Structure formats: structure tokens, C-alpha cells
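Chain IDs A, B, C, D, E and F follow the sequence of writing; residue 1 opens each chain.
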Amino acid sequence: MKNNEKKIAVFPGSFDPFTRGHESIVNRALSLFDEIVIAIGANALKDGFFTLENRKQMIRDVFKGIDMVKVSHYEGLTVDFCRKNNALFLLRGIRTAADFEYERAIAQLNKAMAPEIESVMLLTTPEMTPINSTIVRDIIRNGGDASKFLPSSININNYR
Amino acid sequence: MKNNEKKIAVFPGSFDPFTRGHESIVNRALSLFDEIVIAIGANALKDGFFTLENRKQMIRDVFKGIDMVKVSHYEGLTVDFCRKNNALFLLRGIRTAADFEYERAIAQLNKAMAPEIESVMLLTTPEMTPINSTIVRDIIRNGGDASKFLPSSININNYR
Amino acid sequence: MKNNEKKIAVFPGSFDPFTRGHESIVNRALSLFDEIVIAIGANALKDGFFTLENRKQMIRDVFKGIDMVKVSHYEGLTVDFCRKNNALFLLRGIRTAADFEYERAIAQLNKAMAPEIESVMLLTTPEMTPINSTIVRDIIRNGGDASKFLPSSININNYR
Amino acid sequence: MKNNEKKIAVFPGSFDPFTRGHESIVNRALSLFDEIVIAIGANALKDGFFTLENRKQMIRDVFKGIDMVKVSHYEGLTVDFCRKNNALFLLRGIRTAADFEYERAIAQLNKAMAPEIESVMLLTTPEMTPINSTIVRDIIRNGGDASKFLPSSININNYR
Amino acid sequence: MKNNEKKIAVFPGSFDPFTRGHESIVNRALSLFDEIVIAIGANALKDGFFTLENRKQMIRDVFKGIDMVKVSHYEGLTVDFCRKNNALFLLRGIRTAADFEYERAIAQLNKAMAPEIESVMLLTTPEMTPINSTIVRDIIRNGGDASKFLPSSININNYR
Amino acid sequence: MKNNEKKIAVFPGSFDPFTRGHESIVNRALSLFDEIVIAIGANALKDGFFTLENRKQMIRDVFKGIDMVKVSHYEGLTVDFCRKNNALFLLRGIRTAADFEYERAIAQLNKAMAPEIESVMLLTTPEMTPINSTIVRDIIRNGGDASKFLPSSININNYR
């Protein structure tokens, strides 16, 4: 048992953009881990709506002053990024049963490739359930007001 | 942030009986928490297949020598039991999408009643996915050999 | 087309008890129909937690002053009750994908038995999603405070 | 309560092409609403199999003589189109549990952006359940006979 | 490979009563197997709506003249019954995603206990999807006409 | 009944690449059919990761020496390919509830177009559940070791 060691979790995603649902998951995970690395997968970069740099800045602004939250990005396999960061935990938020099926497949494959890394799942609150980045992008693209689906501390127009 | 405080999780269930799937969830949660209280819900007692005392003994035997795992039982609401035990986390294992729908409802109600308690979900490994206590009881009742679905360290016949 | 006729919907259920989720469905259906008959299925009476009369009174109190909402009960098939009430619509609230599978089976069978009756489904709001009567009864039985899951205008203790 | 007002529903989709399943939903909604606007989302236009004009003509031909059915198209958010058309209802057909999860997310977001608009869901009949536009396009593309999945009153070859 | 051997499948269930959906599964499996044993699980007997003998007679009447269909019943584990009958296949009909989750758990446990037995799944036709024995019993109990959900060759009143 | 006739099944897919899960389905189907035609759909060719010829060679190598397994490819509708090959069965492997919903739609449409062809579904073993070709390609693309998700008899690097 390594319970004296620092508990580091990676929270991977494309975060294009980072939503109020994502924010809620990280906030709720703060009491569970000692460090949370929010990590933007580079595969998500091509055809992105927001640039990598703007996504990172947006997330940094949301968690300004909270030292245990780091922002990073990676290429390659998620489990390799975890290992490089000494993270033994993969943090995931689940919203729906469809999410769950997908997350289970990913988690089981990651477990097969890196048995020492545990996937930990938190649920979004009911109000956040319908929010995902695809839908938020769609609202922005169609000129709608997406502010209630985004972290309240930021103005999305500053990152475009 | 209370990250210097002891991280206590309650793992509630009827555990009639405690299966290899349950064992796997607890083992995987050991690196995440400082103490895990396996708590048998008293509502599950009536019409039980194994007695409360035998279920508790069985679980104690599985985790013999692991001090951070406690075994208990409770009546009333799960969140009230958590509060009495200073547990800020509810540990749950999810196997299937159907499980997930049910667990989400329970977790959201618990959150409404006790906002300070977080439900943390771990996935069972693929081999454990089909195992639940109902099916294990059914095998035992029909004279089948359920040993490969039960913790390998115990002999189920000692608890009947 | 009979669009000048009165649009009557039956909202069937056991309502043991009537929750804030049920209330929300009826309120949202008010603009769609001319009359809504909230109908307690008699099959739900045996082993009920609240008596039939108390359930009816509770619902009447929730919709006091709203003439287009009626409260009734029935035995036998739901479609037969609809026909006796000249109702061409069956109103149903759906919360989860599991609900949906069940509701689809019921709706398709009703359609086979009474092709002129249409099942109309409304979604519960996200905050209501985890609430169902079983869970509410469980909270009450365990001495918990279920008031935030019940219509705000009533005091559940008046109906026991 | 505005029950004397005209009940207008928007039935949005890409309708590429309009299938027998879509036709069934509209026919069943005729007794519920006073006007149904079948609205082709402009986002669906790019990479479409049928042109926008052909899709509109096809739908107009299916509902020839039924004045309460209108055909239109729109760009931007669906809720904005509803408001422009004084429609308080969004009509949706649901086929499967997977559909349901998606529709729930969309409906909840629409509700957040336009609380006065209600999503109303009807079920497809069992025979229509497997039909969706993607599969119908696939059959046409592969030279198969899709006629039994399309409205019986039209010949799909007239719209290509 | 034992492909010259007789392919025997067991079709287990409570069949209380045998529905048109069950009939459809057996008829479609006739071209796949050399013998199909329809086997009523004895656990399903207690609190049954139809007696075991009436259920068996009903199924025999449905498949009168088709020698490759046998009717039987069993106690104990399904895989033990298969072995006694030299059946290497378990035939199952699936209707919904909820069915699937349950069937997968059962199939995987059976595989763990009897690796030589394969579960083979056929889909019910869309019209049969909503039919299950529970719902059919409910209709009969409430005085409704269940004939369109039962095999067309039999009169359910002859078996009560 | 044509039970003396050769039972031929088509196992269609894109197989880009053929995984250990696919291999498991074919191996389990060997006792059920007299011939299994593994058929690569030509629609899957464009944007493929492995070439058609390499995919075919890989599958041939996996089933070397097993004469009843054939490897082929086709354009157009799957049911047309079945008819050309006198195959009365379509073999499908199902992993998850999401798979099931999709497979049911496809199977029901195929049944509508070719009523004589039966879809037969086998379950993947729990260890194979998370594996699909998309995820395997993703691992290979990111430089990970996918060998435990691929048939053990082949070396994936020989086919690139």
C-alpha cells in the first residue's frame, strides 16, 4: 500500500470547450486526490473549434489559484501519459448509460495495458447531464448563448 | 480542502453473499482511501440467504490482516451511516449499463440529501461483470459449484 | 380530424406517493391537453404505503383550483379506463433509458389493443430524473426527509 | 393557460430522406396539434444525399391536401426557429433507448435555452423501429429496394 | 469438430404462458438445429399462473406434428439439464437492450460453468418486441383479449 | 425443413483489423454451421487502416487449415452477398447493449429485405468485451502494443 504517496489523477479529454460539467467533476475530485492533471489529448486537436492554447488558457483561468490542478496536453496513449506523470488514477465523469458503455470499454483496455492504473468515475450532477462539448459547440456555432453551460468564471468570447 | 484528513469510504450493500466482484472493487479502492467500511444494509436482512453474522464473518475472513478494511452493518439511510462514520465517500462498483442507471438515481438522491458526500464508482473487471449475488445464490440453491464466483480465500460452506 | 373535440389525457400510475416529478409532468402537459385525468391503478393498491383515499386527496390538494385536472382510480386495463373517459391520449413521463424500454413495451401493447389511443411522452427535468416513488417511500420508511422530492405545496405527514 | 391558442409543433430533422417512420409520427401527431411544421435543419444540408428542395418536395407530396402540415427549413438554433413560428412544442419520434438518451440531452438543453417550449415524444410503431435515414440511404446507395421503408404514396426515384 | 453429430438446443424459460414471441423464436431456430427441447424451469412453477402440465400441453399443441421439437421441464441448473440432454446449445430470444444485459450475464455464467455449451441468440421480430409473459398474464388477469399475443393455433381458455 | 442442406453463414464486417474478439466468435460458431464465409464489406475499404488484401491475408492466416472457414469481400447489400453464397445465416457477435441496439436495427431491416435469412448472434467472452477494431487501430496508431487484442497466431506488423 502506497497511501503515503501523492495521489495523482489524470483527467483526459478534448475539452473543446471545457464545460460546466467538466468543472463540476474536477471540483468534486479535489477532496479525493492530491493532484489533478487536466490533459488535452492531441488527437482532439485537428478540426478543433478552439485552439489548443486557448483551451489550456481557459482551463487555467477556471482553476486559477488552485495549485493542485495542473493543465497539460499529450500525444500518444493516455496510459503512457499517466505513467510519465506518476498518476495511478484516471478520472472520468459519466453522464449517461451510453457514456458508461464507452467508458467501460476504454477503462478495460487501459487496465489491460496498464494494470496499475485505476479508472475512477464520478457522476455529473443532474443539471449537468445533458451538457457535452459537441452540443455546446453547436450552440456557439448557431449564435446561441452557451454561457449557462460553461464555467461561470469565464467569458467564452475571450478564447476564440 | 481537507486533504490531510483521513479519507473514509463506505461500501454499502446486502452482500448475500460477498462475491469475487465485490472483493475486486474493495481491493482496487485500497489505494484510493485510508479506510473502507464495508456496510451491510439491514433492509437486506429479511429473507436473506446467509445470516447477517455469517455475512460479516465471511467478509472479515476475506480481508483478514488488512486493517484499513472494517466490516459493519446499519439500519436507516446510507447517508446517515456515512455521517456517523465521518465518511465523505460512498464506494460503488458498476458492472453494466443497467447498474449504472440505478446507481445514478441513488447517487443523485444521496447528493440531494447529503451534498458533502461523494459517490465514487469503480468498474468491475470484465471477468467479474456477469457476477451478482442473486445469480450466485441461485447457483448454490440449485446445487451448482459457485466457488469461482466467490473470493478464493474462503469456503462458502463454512458460512451456512 | 377531430381537433375541435376536447383533448382528454389519462395519466396512469400508482402514485404511492405522487412525487415532484409527477407534478412536473402534469404541469407541463396542461398546455397540451384540455383535461388530464390522473388515474391510480387499483393493482397498485395492495401492499400500498399510502391508502388509495390518501393518495387521491394528496393529488387533489396539489392541483386545487385547476379544474382541468381530475383525480380518479380504476381497475382492469388502462385502455378500457381511457375509453370510458373518452380519452384519446395516455400521458407518460420518462426519466431514464430503462424507463423508456418499459414504457415502449406498454405503449406498443396498448396500441395493439386500442389503436385509437396515442401514448404521449414528456421528459422529466434533470433535477427530477432520480426521483421515483419507490425511492421516496424508502426515504420516508428510514426516517429521512423526503420533502424536496414531493410537491412543495403539501405536507406528506398529513396523508399517513 | 393559453388553451384557446393555436397549438403549433415543430418537427425538426434532416429528413434525408423522409421515411415511413417519420410519416407515422406526423400522422399520429395530427390529433394532438393544430399545426405541424416539418422543418429541415440547414446543418444537415452539406453532404446531403437528397437536395434540400427535393426533400421539401417529397414531404409536401406525402402530406398533399393536409393543410395543417407545413414544410420549411431553417438555419441556426431549433428553439429560435420555434419562436419565429410561435411554436410551443417540439415534436420528436423515439425508436430506441439509444435515441432516447440523445433526445433527452437535446430536450433538456432546449428547455434550458427556451423554458416555454415543451418537447413532446411519440413512439414509432414496432415495424418502424429499425428504420432510420442513414440505413435507407445505405440501401439506396447499394442498389437495394428501399420502398417498404419510405412513405407508400411516393416514388423515391422522382426526387433524385 | 463434431458437425456430423445431432445439433441439440435447449430453449429454457418459464413460459407462463408461451407467447407468440416464443413461438417465433422456435420456428426460426428450426433450420439451425436438429432438435429443440423447450424446457420449463421448475423454479418458475411456484406462484405460476398456468400449471406446469397446462403449460407443457399448450406448447405441445403449438408444435403438434413437428417431431424435432420436444417439451420438457427441469429442476436445478440449466447447464445440468443441457448436459443430461446432450445439448451443446442454449437458445435464447432477445427483445430489448434490457433483455440483452440480463442474457449476457446468464450466458457468461453458464459459459464459466459449462464451457462446451454455447448460447445462441435470435431476435424477435419487431411486432413481437413488446410481448412478454408478464404483460400477457396482466392482460388476461384484467379481462382483456390477449389472443393476438399468443400462438394463433391455440385457445388460451383451454389451458386454465 | 432443409436440415440436410449445408448450413452456410456469412460473418460480415470491416475487420480493420480482425481482432481476438472476432476470432472468438468464429471459433464458437464452427460447431453450429457447416461453412462460415468471413466477408469484408467494400464500403469499409475507403479510409481503411489496413488494405483489403492484407486484411484478407491476415484472416486466412488465422484460420489456416480450417477448410470450413472462407474469406471473401463484397460490394452492395449484405443480403445480396448471402444469396449469392447460398447462405441462410448471418453471424454476428454482440459485445454491449449499444451494439445490440444497432444490430437489432440491421437484422430487422435485413429480415424485411430477405425473410429467408436469419441473423444469429453469439456473445463475446467477457475478456473480449472491450475490444473493437477502432480502439485497436487507435492503440497501433499511438505506438501501443495491441498484441493482446489480436489473434495470438499472427504478428500484426506483417500486414502493414
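Note that in this section a contact is a pair of C-beta atoms (placed from the backbone, for glycine too) under 8 Å apart; a residue touches a chain by one contact, two chains touch by 3 or more.
Owing to the predicted nature of the structure, the values given are computational and were not obtained by experimental measurement.
In summary, the pair chain B and chain E forms a contact in which the copies contribute largely different residue numbers, shared numbers making up under half of all those used. Contact tally for A-D versus E-F: the pair with more C-beta pairs in contact is E-F.
Ranked by separation of Cα centres from chain D, the top chain is B. Look at the CA centroids: the one farthest from the centroid of chain A belongs to E. Taking each chain's centre as the mean of its C-alpha atoms, chain C lies 35 Å from chain E.
Chain B and chain F, compared by their mean Cα positions, are separated by 39 Å. Those residues of chain A in touch with two or more other chains are numbered 96-98, 101, 104, 107-108, 126, 129-130.
Screening every pair of chains for touch gives A-B, A-C, A-D, A-F, B-C, B-E, B-F, C-D, C-E, D-E, D-F, E-F. Across the complex, chain A meets chain F through its residues 75-77, 79-80, 97-98, 101-102, 104-109, 112-113.
Residues 96-98, 129-132, 135, 139, 142-145, 148-149 of chain A are the ones touching chain D in the complex.
Those residues of chain B that touch chain F in the complex are listed here as 96-97, 126-130.
Interface of chain A with chain B (complex): residues 1-3, 7, 28, 30-32, 34, 68, 88-89, 94, 97-98, 100-101, 104, 107-108, 111, 118-123, 125-126.
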